[in-house]
Each structure stands twice: as structure tokens, then as C-alpha cells.
Amino acid sequence: MSGQKPKVAFFDFTGCEGCQLNKLNFENELLDLLELVDIVEFREAMDGKADYYDIAFIEGGISTPQCIERIHDIRRRCGVMVALGQCAVSGGINAMKNLHPSEWVQEAVYGEDKYLFPSIPAQPVSAIVNVDYEVRGCPMSAPEYLHVFKSLILGRKPEIKDYAVCVECKLKENECVLDKGMFCLGPITRAGCEAICPSNGQYCTGCRGPVSNINRDGAVDMLKKHGYSTEEALKRMKMFNTNEIDKEIKWGR
Amino acid sequence: MSTDLNINVHHVTRVEGHGNIVVDMKKGNLNKAQLEIVEPPRFFEAMLKGRNFHEVAIITSRICGICSLGHQMTSLKATEAALGLEVSEQTEILRKILIHGSTFQSNILHALFLATPDFFKVGSVFPLVKTNKAVVEAALRLKRLANDIGDVISGRAVHPISCVPGGFTKLPSEDDLRTLRDKIVTQGLPDAELAIDALASVAHEIPPFERETEYISVYSDKEYALYDGDICSSDTGLYPVEKYLEVTNEFVVDHSSSKHARFNRDSYMVGALARFNNSYALLKPKAKDVAAKLGLEAPNYNPYMNTVAQVVEVVHCVEDTLEMIDYLLDTGIKQEKPNQEPTRYGRGIATTEVPRGILFHDYTYNRQGMIDKANCIIPTGQNLANIDDDMKKLVPEIIAEGKDAITRKLEMLVRAYDPCISCSVHMLDVEFIE
Amino acid sequence: MNQKLNNINEMKCQFLDENATYDFLKFLKGRSKVFAPHRKGEASYIYDEVSDVKDVVLQYPRTIQPLKKYFLPPRETLLSFNIDENNFTESEINVEPRIFFGIHAYEMEGVMRLDYTFEQGQPESNYLTRREQSTFIGISYEPDEYHFSKSLGIDIDSVDGFSLYFKKTDNGYYVYEIDAAGQQLMKEFGKGKRVDIPVTKEEPEFTNKIKYHYNRLPQIFEHVYDSKVWEEVAERCVGCGTCNLLCPTCYCFDVRDEVEINATEGKRERFWDGCMLNPFAEVAGNENFREKLSSRTRHRLYRKFKYITNKSGELHCVGCGRCSKYCPADISITKIINNLIDDYADRQQKQVI
Amino acid sequence: MENVVYEKKDLYYPVMSDILSVETLTAMEKRFQIAMPENQPLNHKPGQFVEVSLFGFGEAPISICSSPTRSPNFELTVRATGRLTDKMHMLEAGSRLGIRGPFGHGFDVDVFKGKDVLFVAGGIGLAPLKSLIDYTLDKREDFNKVKIIYGTKNPAEILFPKAIEEWRQKDDVEFDMTVDRADKSWKGNVGVITTIIPPLQLDVENTVVAVCGPPVMYRFVLMALKAKRIPDDNIYISLERRMKCGVGKCGHCQINDVYVCQDGPVFHYPHVKSLEEAI
């Protein structure tokens, strides 16, 4: 990348575009960022297409056969691939539909016309191609995205946190929402959001996925203490992370 | 002059979500002129089934990141209606400020960053950073300011955090509100003026096209309705929100993963221009001045003018927000907890004006406070038929201009509606099959 | 282990009623920055700088973060750098005199344990500079179901480290002058009413207790390294690290370089870290030397009761109860210790038989 | 509090030092020769390490691979594995980097004096050992027999081929090595390092062993040494842990009650043998 500005492209797949918007919400930094890179493709904000990208940011998850073709094509043409936001990282909230049989879901939405619009289980980008770095969160965490962006421009690996939201929450000395009688997924959810929900008096909904090596049984136990059945506890843990919670997780102990 | 025309714009740029424009004309016969929605369906209503009322707005906010706030508000209102949860006056005012912030931010994003490049004849806002830096910077500051409103009041502008059923989990401090107010006055107003002047200087680039249609929006006689009100049709008047299914009449068409809608005519329009046409009288004075300056009069039948109506609304939102902040500062922020004790379980329907138009959420809760049935009707879906009808009228009118110009004007037309395709992909009245 | 020197039951004191106590706070505020407990949210307390004395809470169970946040901040810039010029600027640590008011005995002991850590070996100036010019004024408290400092030899009225000590009585406080600085403060304030005979007052009972005398704990820890108790705790622990971060004597940290948006300037920052967190003991090659929650919990407890104790001669738990109060999984440190004691006693008995 | 003496100069400020030369050793490793300001000697002991720092890329502990006997300058051998080390590999002679240290507890050379010395090195573990090997060779008369055994994954990963050639040539050094996987050019031993321990002729009571290698290696090497009946008391090992400070504060490198950065990285084996988390 030396000498020339890195060529950067943004692509969107299945998602709500909140991550795209969050990225445009760095109004104060946007012009500085533009100084450091060449944005060569960004459908939501500009016309035009390019053949090669040093860094490809992928927003949204994989949920149709066409998505699969497209992501392969991008992977072939990019240097570093970064998944932005929980839809891209784990399938995100879209993956909630994986909890139901797909026939049922499609019929529920389109009735008799269900065959008009094929849909496959919602999957993370990494299920299809190799992803170099991930910025988690729904929407993707703004501070973490900036960190990754700056790290890549410097040519170094970003530092992606792998400990619980509680850590950031305690560093900020928030009142723990458990003390207010709410439940919270902060203890098992990956930090990086600067505990934005507990900081605003709301419980952590687990939108950044579980930390690696979680104690899933312990987590269910913890939620039971707050009055949730095992089933309800798992449902809550899965809201943004059906794929991650459902897959075989290495047990923490 | 050729009488054959074949246009296929794959994935229209500078819009939210994925759509293609397809025009097919043979021997002067227009076989096809339509916007095909290819956004992957996401099945939200199915996902809501069995979810606790605390979670519902968190999920529905993810229908669309651009209008996440509007979805959240509508969702909260529907849940509150279904569960009999009363909210305080303070909560309502804070929510109205939020809606204003969201309309403000989305309208700015669309009018100044996505649509304006067309008037300057460039492919994106990026070249304008060089040629019109002061305006871009002002626009960026405006967008930041709009987001600040969301940050201060709900913790985050995209997928807001602290607004929950029954109220707020955290209230802004009076200091926060004062800072916000100062910023709006000292920075927001001058920046808005700069942006309006820039737009006025290119307003002649807006294509002079007209097609009268039915305009549908939320209406209230107390204010320029965004947060709440009745359904208003420019053709047939007011309807209570409970009648929303009779108004929208959604139907599946094979070229769109999003459903279409129609009421009194073949199609209707929602969004800034519809609101402007229906509620012009209730705009704040400064907003009316700006409308006059930009050549927008009610009623206006040019869909391209939707962008201008958005800018007028920005001015209205800023003015109204200042008034509401002043009111809150006068009365003082009361520390109150969200009211989350349901008094009933059943059906609740709510409507809100989100930036792209009228939005409906309709939930039925069971006795455990879980969703049994859900339906969301999104503005862009309601506009799709109208866009197709506009194209059908427009293409023959400009056929002499050649394929490139036609393509450009069609793209501009689609963009003028500020379609939010990701959220339009949903379903209608679902019967959940047990 | 050290015998504490001061016993206030033999000391004379002065009396300040509730209003005079707030006047005293105002007086302190006139002299220097004052830090004291404040309310945070609905049910929590934090130490914060006093801006309006009315906001100071005199009676509180415990704060979220311990006092260590003032000497070892949760996030701190070690140095600032410029990548293009390849140089750095030292970060200035300026301290002015600070008075910490309303401090509980265990909290004071916590600070003194932390002092040991930053003084021994290679003393660290960041911490020690911040520790300079600090005056501590203690206050009594009602122990709740989490406090157990008495089991560790720290009474409610342990006054080591304080300059003044406020002991709650009906409608006011008995104020004890512990050192010369405290004496001076009271003299200048001048509104204290002398109480002529020493007052004796029963300490309230602690409901949370450790079964054995604290002198025996290091010995217990000699024998429970492979206890089944660790596995039992690990079944419930979710590894969130709360217990580390809020502990007044935990001091582990992480260091990260973060650059500005121009990718040229930046800061080297340190953050609190904790041995309960999964990546803490990872090394290159993805090997993790304390992958299991059982070994992480064991490490945490051994650091409180054995590893540092062997060197410093003092227990490095002060019984504040934060780790138990704030644990989302309701894991109680006293239960762990009492279970270890039971396990130990069981095994001793089996050996005898 | 009052009576503690501490320097105002902070522990965490690096000294900006010059890279004199960079030598590519393998695809993964480079050797850096470094001079402290005004060519001041680092005054290190074999086995000690420094904290290398590059602004924006962090810090990492790196063993000093040269002997204090050789020059005021010192050498580091670095494998590119991450943030700091990748960036280091992009530096050239003339660049500057930050150095803190030397830190840690090196090899206690007095214990080795008059004894037979056996060096067991695996992979990049040869780098830290090289400081002691060179020291031993520079003060050859202080030591009895010197044996070096070395194992790498494959022939392409052999560090210091020139030094190895010298060791092979010397009459007073016994050198042997092995690779886990051979290629066509390789004529020597094939197999993990423990395969070349059994044939060694050792005066077990009188031999002191220094071991350094990747974490997985220790368990097996120690078993092999035990089989040779080398007393635990004669074994020294150098351990590696993640470190954030190098001065016994950050807690990351703690193994039970020992700090690798202070009590190690070189440990007398009996000291860590009973520590469950050590090896």
C-alpha cells in the first residue's frame, strides 16, 4: 500500500443499512478519513465500480444464492476483507429466522407467493469466504470501526477485544443494570461497544455476540436467577446470535 | 427517433437497499417501466412471534437502520396501545424531539448527500468536497447535529437505546439539553441557511414533471404531524389508524420482493411531499419562507420536488425542536421510570411519519406479554406503485431526450422518493400457522 | 500478621452534628479538592469530586469502583507519541493536595495494600506521584450482607491511614484525631465540641463471616490448590471479570497504542485488566495457560490469600464484598473460602482416621 | 508512603535507540543490531530481555541474543508474528526504536562455571540461548564440556547457520541438530528434538542444562532429560508469557506466585516444577 492511498470499498448484503449509516455518522472525522484513503466503491453513497480494493468492508449477511456469488467475487478482488456489523459477522438478527423452518417463514410472509423469493438460512460472511477482521455489533460499534480503520491504514493488525462488556461497563463506573432488577447479557457479550447500552440505563442485548470460550450453562443459570426459564434465556441470548449460540461452543470450564 | 428503448439499471446507487430500474419499450409501446426490488427478504414479522414486549422494539428497529428511530417509536406506541401502558407528557415530548432529529438527519442525508450530486451533475458527494467544500462541511455539521439529538436523547442515533415501552431508561440532563439548544442556534441555523442557498442555486436542475396522485400522510390539527395523528388522504380525508389495512391494501407483485399498495387510485404517494401537501398550513413560519424561496407551493404534483419538501421539513424540525427544548427547560426534567406494568393484553396499532412516509405497526400480544401476530407496513412499499406509475407517464414525455438522459432522469426520480428498500421488504397481514 | 496500632476506644474525641459535618465538608472544600461518596443512579454510589456538599452521602454501603481509581485510573495515558517523527512526550502527572472524605476502613486498607504493590520491586512513579498529598478521613458504616472485613482483621473502626475518623452516633458524629494533620484540621475548623471521656460503643455485627481466624487462611491455602471447590465455582462463573475490576487490591493492567484519525499522533494507554478474563493468560501460538474458569478463579483467590501474602505478610483481600455484591452469577467470595475450609477440614479428618 | 524512594523518571518510557543493521535469517526471522544512545552498553546478563517499542504498534518482550562479552551494542532476533514484530521487519538500518530494560533474571553464569554445559534449543528458542552460548564460548576456559543440541520444524527455519557452522568446526564444542520434517537438501537427523537426547554421552551429575523453546517443547524435553537421569537441580529453563510492562506490575506473566518478567524468564527448574500453570 506504500505511496498510494489504499483503495477502499464498501459493500452491502442483507441487513438494515444501519452500519452503513453509522459509518457516515463520523461527520467530524469523515473528511480526515477521506484524506487517507481512496473510496472506490460505495453503492449507497456514490456511482461507479472498481476492479481491485485493498480493503473491502462488508456489511450485511448472506441470505440468498445471489449473495454467495457476489461475496466470492469480492473476495477474489480484495486484499483485506473486514466484516462490519453483526449481520456480516454472525448472520445477526436475520438469523432469528433460522430458528423456524424456512417454509414456514416464507409462507408467513408471502403466503401463496412464497416461491417467488428464494431465501436460504441467514449466514455470516465467514461461512462463505475467509474474513480477515470483524467489527461486531448491531449496529457495528463506531469506536471499534474507527480503531480497525486506523489500524489497517497504519498497516497493523487491529486489536479486537475478547472479553466481556462488563469490563467496559465497570471501567466507566456505570450503575450495573442488574442492581436495578433488570437482566443483562453484558457478562457474556464481547466488549468493544464501550458498554453503550448499560451506559444508557438499558440492558445489554448481546448484539456483539458471545466472548469466545463462554460458559453457556453458567450464563443460562445466571439468567435463571433473574427469573427466566432455560428456554427464554437461550432465546434472549440468541436474539442477535442464533448461529453463534447454536453452534458447538467450547465450554468455559 | 428510435421508438425502442431498453433500460436496465442494476442496483440503483445512492439509495438505501437494492433495486433495479427496468424499462422496455418496443415500437413506441411501453411494455414495462418499473422499479424491481431485489433486496433479500428478511422476514421480520415471523421473527417477532413469541417475543417478549421488552424485546419487540429492539428487533423492529433493525428493520431499517435509516429509519430505525421511526420504527422504534411506532413499535413502542403499538406495544403501549396493546398493553395499555400510559406514557407521560415528558416522554411524548422527548419522543417528538427524537422524531424531529431523525427526520432532520435523514432528510439532510438524502437531500444534501444523495440527491444533490444529481443537480451538480456528479456521481457522488465526494467530488463536491473539493469544489464546494464549505457547503459539504456545513452539511456534515448539520448531519452531526441531527445525530447529536439522537445521541443526547436516546443514547445512539442508529438503533436508539434508552427509549423503551413506557418511557426512557435514561433521561437527558438539563445541561445536555442546554448544550444541544446552543448548538442548534449558533451552528445549526447558519449552516442550514448555507445549505438552502446552495440548493436554491441548483434548483433549476429539478426536472419539470408533474403527475397528480393521491397523497397520504399522518395528520393532526394541532401540529405538523409526525409523531402521531390520523391517516389523511388528499382524496377522501381522515381515517382512524385502525382502518390502515383498508387504506394500504397491500398486494404482491412478481417484480418486487416488497409489496405494493393502493387506495382510491391505482397508486398513492407518501413521504415529505405528501406531508407537505396535506399539512402545509401547520408548518412553522420559517419553514414556509424556505418553501417559498425554493419555489415549493402546496399542493405540488412534481415528485422530484420531494427533495425540496425534505429541506423545508428540516427547517420546521429545527424550529419546533427549539420550542420543545425550551418547554422542557422551563418545566424541568422530571426523573421518572418507564411505566412497564401492562393493564391489558391484546391488539395495538400505531402510526408515525418516518422520513419516507407513513408507517404502521400492528401487534397482538398474548397474556404472557408475547407477540402472537405482527404486521408492519412501510412507506417505501407504499410508494412503489406510484413510482412505477410516474415512470410510465415520464418515459413517453421525455423519449426524445435519448437513453442516457432518460436513464439519468429515471434514476433521479427513484432517488427523489428516497426509497428505503431494505425496510420495504416485509410481508402483510400474517396468519401465524401454529 | 500486623496488629493494628490505634484503638479509638481509648481516645478522646469531639462531636459534630449532621449539619456541622456538612459545614466541615464546606470548610475542607475551601482548602483543597475534596472527594467523597455520591449517589449514582438508583441504588449505587461512587466517589466523586465534591462540588456541592449537599450531594455528599455520609452513610452508604460501598461505592462501585474502589478508591484505587484516583491512583491507578481505569484508563491512563502513559505517553503520547508521533509516528512520523518517531518520538514521544512524557505524560504529566500533576497532583495537588486532595482530601478523601467518608472512607471506610477496608477501603483505606485496600489503598495501603496497593501501595505495597507499587512500592515493591521497581517502584512506579505514576502511582506513587498520584498518591502524594492525599489526606484520608474515615467514616463508620453499617455492614451489609457482603462486608466481611472483620473476618480479615479489619474492624469498622480500624483507623490506620486516616487523619480523622468520623464515628456515627445519634444525630451526628464523634470525630477522632488520628494524626497531626487531622488535629490541625479540627483545630482550624474550630466548631467541634469536646467530649471529655472516651466513648465506648459496640460495633455492629457482621453477618458475613469467614469460619476460621484470618491468621489460619494462608495455611488453608497451602492445602486446597486441588480442591473440588474450584470446579464447583467454575460451573457458575461466567468469566466477566467484574470481581477483578472492582477489587480495591487488584491492579493488573493492559497497555494499548491508539492512534488519532491522522494516523500520525497517538497515545500509549493503560487500562484495568483482570485475570478472570479469557485472553489474560494467552500467549503466542494461541496457548492459554489458564483457559479454565476453575484455574482462573483459583488464581484470583490465591493472589488475595497466598501469593502476595507470602511476600508482603498481609492478606490482599480487605473484605469490602464488592466482588460478591457485583458478581452477576452471585458468586460469594466468603462462600468460596468457607467451602475451602470445609473441604480442608474434611480432608484433615480423613487423614486422622 | 513517605519513605519510599522512587525516581520521577517513569518506568514506562523507552530509550530511543538506533538500529545499526538488519539481517534476514529466515522467511520469518530477522536479526537486528542495536545501539543505545552514545553507544552505552546495555549491561545485560545472558538470558535477559528488553521491551522493544514502536509507537502505534505497541511493545513486546524480546530476548537479547548477543553476549555482553561481544560489544557495547546488542542483538535481537525477531520472528514476525504480530503487530510489533511485523512492523519491526519493515525497518532498516538507521531506523530508531524504543528500548526498555534489560529486564528479568538471566542465567546465573556462576552456576555453570566449571561444569559441563548442555544447551537444548527449539525453534526460535535458540535466540535467547545464543547469548549464553556466545558467553560460554568467549570465556571457554571457565567451563568444562560444551554441548549444543537444536531442533527446528524444517531446514528452512534454521537460525544462525554461520554460527552453527562455526560450532560444528570447533573441537571443544559438540553440536547436533534435527528437523521435524526434512526436505531434499537435508542430510542430518529427522525427528523432534527429544530423539537426539538419548544418544548424548553425559556426565549427569556434573552437567548443567539450559533449555529454551516453544511452550509445547518443555514437557517432552524435560521427560527426556529425566530419562537420562539428569537431576532437576541441574536444569534451567527460559519461559515465555505475554507481558504488558516487564517490571512485575501488569500481572499478565504471572505463573502461580512467580512473575516471569522478574523471577524469570530463566528459572531454576525445581522452582517451577511444582507450578501447575508453568509448563
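So that you can tell them apart, the chains are marked A, B, C and D in the order they are listed, and the count of residues begins at 1 in each.
Note that contacts are C-beta pairs under 8 Å (C-beta built on N, C-alpha and C of every residue); 3 or more make two chains touch, one makes a residue touch a chain.
If you're wondering where the values come from, they're calculated on a predicted model, not measured in any experiment.
> Ignoring chain A, partition the remaining chains into groups joined by touching, separated by vertical bars.
So the groups, chain A excluded, read B | C, D.
> From chain B, count the fewest steps through touching chains until chain D is reached.
The fewest steps needed to get from chain B to chain D is 2.
> Report the pair of chains linked by the most C-beta pairs in contact.
By number of C-beta pairs in contact, the leading chain pair is A-B.
> Going by C-alpha centres, which chain is most central here?
Taking the mean of all protein C-alpha atoms as reference, the closest chain is A.
> Comparing centres built from CA atoms, which chain ends up most distant from chain C?
When every chain centre is compared against chain C, the largest gap points to B.
> How many angstrom lie between the CA centroids of chain C and chain D, rounded to a whole number?
It comes to 39 Å between the two C-alpha centres.
> Averaging over Cα atoms per chain, report the distance between chain A and chain C in Å.
Computed value for the inter-centroid distance: 37 Å.
> With chain centres taken as the means of their Cα atoms, state the distance from chain B to chain C in Å.
Each chain reduced to its C-alpha mean, chain B and chain C end up 52 Å apart.
> List, in ascending order, every residue of chain A touching at least 2 other chains.
154, 159, 201
> Among the residues of chain B, which are close enough to touch at least two other chains?
Answer for chain B, listing residues that touch two or more other chains: there are none.
> If a residue has to touch 2 or more other chains to count, which residues of chain C qualify?
83, 256, 259, 263 - these are the residues of chain C that touch more than one other chain.
> Considering only which chains touch which, label the overall pattern as line, ring, star, complete or other.
The chain contacts form none of line, ring, star or complete graph.
> So which chains actually touch one another? I want all the pairs, not just one.
In this structure, the chains touch in these pairs: A-B, A-C, A-D, C-D.
> Using the touch rule from the top, collect the residues of chain A that touch chain C in their complex.
29, 32-33, 36, 146-147, 150-151, 153-154, 159, 162-164, 166-167, 170-176, 178-180, 184, 186-188, 201, 211-215, 217-219, 221-222, 225, 252-253
> Which residues of chain A touch chain B once you look at their complex with the stated criterion?
Listed in rising order, the residues are 12-22, 24-25, 27-28, 30-31, 34, 39, 42-48, 63-64, 66-67, 92-94, 96-97, 100, 104-111, 113, 116-117, 119, 138-139, 196-197, 199-202, 205, 232, 235-236, 239.
> Once bound in the complex, which stretches of chain C touch chain A?
On the chain C side, the touching residues are 40-44, 46, 64-65, 69, 74-75, 83, 231, 234-242, 245-246, 256, 258-263, 271-272, 274, 277-279, 291-294, 326, 328-330.
> Within their complex, state which residues of chain C touch chain D.
Contacts found on chain C: 78-79, 81-83, 86-88, 90, 115, 117-119, 121-126, 128-129, 131-132, 225, 251-257, 259, 263, 266, 268, 270, 273, 275, 280-285, 287, 289-290, 295, 299, 302-303, 306-307, 310.
> Along chain B, where are the residues that touch chain A in the complex?
11, 13-18, 38-43, 45-47, 50-52, 55, 58-59, 62-66, 68, 109, 113-114, 117, 123-126, 129, 136-137, 140-141, 143-144, 147, 154-159, 161-162, 164, 168-170, 252, 254, 257, 422-423, 426-427, 430-433
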